[in-house]
């Protein structure tokens, strides 16, 4: 079966981000979404460290270590951008001013619970950053992840076994094999890639799935 | 007996404001204190509507209605001044960043309770402004008032009969006849004007007074 | 293309509905969007809850709303400003309810709404009439009152300059409640004196980032404070 | 005359005491007062509580404090930054305690301290390990966690420009925690690249008003981000 690459997943997420949206892209894979935003839409990227209107990576000669994203990579600022302090930055997130955030995950439950900050390993030094704030604060939380772990276990679960980041917060899940809507009634399949049937997908995911009624 | 004028009281208060202090002067009589600040001290005036480094009233030709004090009177800005929003302004007050505020009062109790926002008259339309915030927030709260009402009643009381602005918040009381320190142990007389004895002052005030031990 | 600029106050206010809660910036006349509020009188929405530091004075802005009896409730710290006769008349007639809030609590409740907090323990007002019936708590030896966020359907604010993304600059003490109200309303509408091109506002000096502003409209103040400067 | 300028980091830090709580600004290297923290290593105070977004990386700044075993406790959101070996070694040896706080709760608890609030109900962390044992409450249909202010004896922050009254400008994303930490510490010490004359900083553009800053010292960053710009 053909699975989407990370770039294809990022491009798929980017399609669902509308003109004018304020968007926070999480550290790691979600950062790729920036490369696929439709050129004909103005979309404003926020970074938790106090930037609105974040632009692409600079040429090496233009790197400025006072202008970095949440992953500490050099970025640029678009015309119309602004700097602000951490209080205002997290007010943007927690006060529901960010329209969409895109996060990675270890696990997501069919009801939208998110686990993405801690493997639960007893010897791990935990780090949370802004993940919990984005999870509870953004108007919509999109998650991007492969459906299965390298070991073949489904990361879309009835109940997360990893420590939670937030409860019932993920609205859309973009995986390498399908896109889901999550919520109190469970997981709905929005689209499937690679010609799978719903039954095959359900077997792979290991949780009950419904096809989303067409609009 | 010789009583201090408002200007003399203002000058007396000004003496107790040290170099480098951040000071908020309440609406009305306390505003006069600005005119008597010692010229050899740099003292920074804050206004609740978002000004630090407030200067004196402008010449009529220079009046700018975007540059007013809390009493809505035109002011100026000194070099080194700054503008900020109401959130930050009240954080300055409530977060104990203001060293001294000077307020007027209807009544003050010997323990430092303050009543200065509401006469309690049933038909009055109440207005509170920033009085309660200054009362609880400034490091020191000075009150300036005549000791007696026009009817001859003492405004320094065992317990306020007017609605309170704040509890145990006034540290110093400057009146037309004496200066007091207030606190949990009651009122101490710091100095008396016009050659009164402590007994005469106590009779006038109608509350127990102690002379402050000299330092 | 994102363009938050509106051609007229009328257009910018067209969806204000009966029963809406409306924040209005300003302290004295500084930062008070009189012209935008006057346009709201013309627009006709009624049964409004107004959240503002004052309750209107003279004949324009909030006072005009009062006069037209469009306000059901006022949440403010200082209803008594110069010439408050329209508010007073409505208040005494029982046409308008008053929730009096200490100014710092007003500011911090608006900030709490903008920042997504559920409630805050504030030091102001403890032991006073304005905290009667409210939950209190001793924390670290000091008494606090539990206060809830104040949010609004609309914020009408006055700024100096806006660009098409809604970034705002203010002028002197006209800044006051504008930045915090912009964060606490579903739809923030800013009246400005100037439009700037995108990129013309130095990103270091932006006071209200455009994310908090939905609409901007250029209106000439009847009396422009800047012209006197 | 008010003059908050100090000639050296050594002078500016001279009263930092054993057991002090110290906020340190910065996110990544941006806004991180490495040189001031290095001077704190030389100064010798120990048994410190460090409140910062990270727990130090590489060999300078907070990492150097860790290496010298001066830190008893770290309050931070993201201890794992690049090359966190000094923190990790101390943590695994039990020399340093870690209080892990979601970044938005860290920011808002620092802001609560600066603004004089007693506590806040925050939405972040509800139902997670990081809220275990904490008081919760349903407000308006949503669950919140009660969080208390974080204040400090000292804040060490990095800014771009200061004047003798302590007014500060920052540079790009170097602003991050500086303005809110300045408000929450008894003594705020800012490392800057430039001193400005009083009045040279436009009052509209001041980010941290001097009331929140007690000392400023001009230090040349070992690696100056600005020089790369």
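Just so it is clear, A, B, C and D label the chains in written order, and each chain counts residues from 1 on its own.
In the analysis below, a residue touches a chain if its C-beta (ideal position, glycine included) is under 8 Å from a C-beta of that chain, and two chains touch if they have at least 3 such contacts.
Worth saying up front: this structure is predicted, and the values here are computed from it rather than measured.
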Ask   = Where among A-D, B-D or B-C does the A-C interface show up again, with more than half of the contact pairs the same?
value = B-D
Inquiry  = Rounded to a whole Å, what is the gap between the Cα centroids of subunit B and subunit C?
reply    = 29
Centroid spacing, where centroids are CA-atom means, of subunit C and subunit D in whole angstrom = 33
Ask   = When the centre of a chain is set as the mean of its C-alpha atoms, what distance in Å lies between subunit A and subunit B?
value = 54
Inquiry  = I need the residues of subunit C touching at least two other chains; which ones are they?
reply    = 108, 111, 115-117, 122-123, 170-172, 203-204, 207
Message = By the touch rule stated above, which residues of subunit B touch at least two different other chains?
response = 77, 83-84, 87, 90, 93-94, 136-137
Key: Full enumeration of touching chain pairs   = A-C, A-D, B-C, B-D, C-D
In the complex, subunit C residues that touch subunit A = 1-2, 111, 113-117, 163-165, 167, 183-184, 198-199, 201, 203-204, 206, 209-212
Ask   = Across the complex, what residues on subunit D touch subunit A?
value = 27-31, 77-82, 84, 88, 91, 98, 100-105, 107-108, 110-111, 122-130, 143, 170-180, 207, 223, 225-226, 228-229
Task = Provide the residue numbers of subunit A that touch subunit C in the complex, in ascending order.
result = 19-20, 22, 42, 44, 46, 52-53, 77, 79-84, 87-88, 90-98, 136-137
Query = Any idea which subunit A residues touch subunit D in the complex?
reply = 47-51, 62-68, 72, 77, 83-87, 89-90, 93-94, 118, 125-133, 136-137, 163-167
Request  = Within their complex, state which residues of subunit D touch subunit C.
outcome  = 108, 112, 115-123, 137, 139-140, 142, 144, 148, 169-172, 202-205, 207
